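In the two assemblies presented below, chain A is common to both, partnered first by chain B and then by chain C.
Right, the complex of A and B next:
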């Protein structure tokens, strides 16, 4: 289970973005979190991905309470959650080729030898050709870069996926391809999914259930 | 029709202005590159080829004005000033380059470590940097060289230890701004350690700025070496450096002999301006706003 219990978070302790947010994901379940812009969905997604320390509340990953965030979180917990961000341009290191971008988590966790095979498999799954893998982020489109970012999130075979408005900047066909790649991965590995967004039609078709922001959190100050 | 003519004139003026600015810049960069190349070539090639003793004294030739035999004239003990200037520039350039390199390495390591660790480490390190910065660095440099016997290495150590502070600040601010970018979040989520995030993602991103700071520091370090030598705290007086040349020539200047101070002074000013000109061009290239202004 991935559980967020009464989480309060923000960027200023005196003025949190939201208060008492609670959300539970079962293994293999997909949950869509719907809410208006600026309500704190992305902050909640960052808390769930162990990238932002909440001011209060409890986060539990597979029964283990989380005590550290970012680098202070144990590596096995961090890598159990794959994250895809909204803006591929900002979430890709501009100096790395798409191949290195996808292989980077394997290299960072000492599994360098698995890289050629895993990158080839994920490139095929996300629709990236061999030619694209040799290019750098500025040489590909947003859609192609987001495919590489999704491949990077899946490369360590995470048990949980957090997609923070993954398709917000993409056209309909790329959106469909990315959602299909996520669903194929989930079907194969039984991973849970938290999809954050404000596209109700997409999230209701994609996820097992959708949660309204107003129903899971109280607004901050 | 009249409006159209007016608009054409305005666009011509604009283009002409842009061309003038670009051509001025091209002349500046080309001149800087040529002077820097000539300087490096002179200090590397001249001493091994000519095999002349720059310390050879000939009192019969003392304080001779510039002539075909001695284009820069001679000093108060009859030594050829052109040769002394080339040897002096060699020492000053060596001090400038090595000190700038060491200062950049120290500054980059300290700035990156402070920003990467954050929290109390960052606060303590940056307060130490502030404390060092509050002491005038020439004074601190004098204190450091005074602890050693005169020579090239104490001057390099003194200049390097007093000049890493600005690089540390530049690197820290760059790393702090990069640390919150989503690609760093993605690396953390992908299991990267703090060290790997710094070495793989943050440091390569700040290297252009650190390199620029190093190049800008070379002329500054050369001036510092000259200042320390001028004060008699740098190199021993028999060893040619641009600072010692100017210092020993002060007496003859009062007697109306201008060449022993003018030429070492020009050897200090012209190459340092050329190096600073090249660094300025590099800064314009890596600054996106300037790039768009210059249509690069």
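Right, the complex of A and C next:
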């Protein structure tokens, strides 16, 4: 289970972006969270991915309450959750080749020997062909870079995947291809998914169920 | 010496001409190539031709990296130094101004008389386009003074009116760009683009990152500015936004316009005629939600034949030769046009 219980979060304790957000994902379940621009979806996604410390409330991952965030989160929790953001250019180290970008979490966790086999498998799964893996982010398109960011999110075989508007910058065909890659991974590994966004048609087609922002959180101020 | 102005091209072709109105923008055989290290070339745009009239919206759609934004940069004279252009892109003369070929005009002409005044740009990443250290109010006021010569006493009201036109909440005018969500930054950038009252608006991904309601509002707003008599070229990967706003659609693949057609026929019946365009529409979550297999080709290494052939369900031996653009489509085996 991935549980958010009465979470309040934001960038200024006196004026949180949202209050009392609660959401529970069953193992292997895919949930689409729908909300308007600026409501705080991305902030909530970062909390769920253990990347943003909430001001109040509890987050529990497979029964374990989360006590540290970002680099203070225990490795076993950090590696249980993969995350993909809306803008691949903001989340990809421009100095790394796509191969090294995908392998980065393996290196960071001392498992670099797995890199050749994992990167090859994920490149195939996400449709990265030819010499793309040898290029750096500025030498590939947004769609190609987002494929690599998805591969990176899957490289440690997470039990949970958080996708914050993963396809908002992408064309219809690349969107369908990335969603298919996520679903293939989930079918194989039984991973759960929190997909955050505002495209109702997309999330209703993609996820087991969708949740409205208004029914899950209260506005901050 | 490069000429600053040229005569509008008298010859127009039926394939690119919608009606009888004189075009605001006339693009002919526009190509852009980037010179890379080691003598390599990237063919970002090849042979693009289209006309755009006042009161009309053309949506340029296609996959990420297909050359859409390069085409827009070429029209604005904002290509990097290693770019080479061919063809022409003429913006008509209005109210005593001369026609200008955007590809050959000097930077001085473009900066002084074109950008902001004759072409309003609604940029792809508004947050990056806005000046980070100045509030939205200050940026609108500065643009109003520069382009409209609004007197100081009239500025407060003019700023509010400019914000209103793009549905930017006047209560947030004193915010800095980084304090705005994606949708609000988009509206601030749109408000700035509308200030100069340019006859041609160029919107690069104007709805990216916005929620559906905002996409609709932005699209409707842009449509309203078009109906007011502006010409609008909108570049987008968002087919739903294109459907809502466009009169005509140009589909780009691997740097070429492969289909140019009426929006109603494209999104409704009989649908697109080019196999790539059909695949792109079918990939929508409200349709088949099935991706086109494979990836677009590298623009530095295009095949000699049709660039879509490796992914095309209809490809035959004939497709080893590049198809010409004729009758609104570039394909050897296009769907039959609708019968009258």
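FYI, the second predicted complex is superposed on the first by the 220 of 221 C-alpha atoms of A that agree within 3 Å, B and C clash if a C-alpha of one lies under 4 Å from a C-alpha of the other, contacts with A are read in each partner's own complex, and residues count from 1 in each chain.
Just so it is clear, contacts are C-beta pairs under 8 Å (C-beta built on N, C-alpha and C of every residue); 3 or more make two chains touch, one makes a residue touch a chain.
Here the structure is a predicted model, which is why all the values come from computation and not from measurement.
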When the two structures are superposed on chain A, do chain B and chain C clash or fit side by side?
fit
Classify the contacts of A:36 with the two partner chains as first (chain B alone), second (chain C alone), both, or neither.
second
According to the stated criteria, A:22 is in contact with first (chain B), second (chain C), both, or neither; which is it?
neither
Figure out whether A:60 sits in contact with chain B (first) or chain C (second), or with both, or with neither.
neither
Quick check for you: in the superposed arrangement, does A:180 touch first (chain B), second (chain C), both or neither?
second
Which holds for A:156: it touches chain B only (first), chain C only (second), both, or neither?
first
Partner chain in contact with A:206 - chain B first, chain C second, else both or neither:
second
Does the superposition put A:172 against chain B (first), chain C (second), both, or neither?
second
Min C-alpha distance chain B to chain C after superposition on A, in Å, is 5
Which of the residues in chain A end up touching chain B in this complex?
46, 49-51, 70-71, 75, 78-79, 81-83, 85, 87, 90-93, 95, 104-105, 108-109, 149, 152-153, 155-156
Sort out for me which residues of chain B touch chain A in the complex.
181-183, 185-194, 196-197, 200-201, 204-205
Quick one: in the complex, what on chain C touches chain A?
61-65, 181-184, 208-214, 237, 239, 279-281, 283-286, 289-292, 294-296, 298
Considering the complex alone, what residue numbers of chain A touch chain C?
35-38, 86, 127, 129-130, 140-144, 165, 168-177, 179-180, 198-202, 205-206
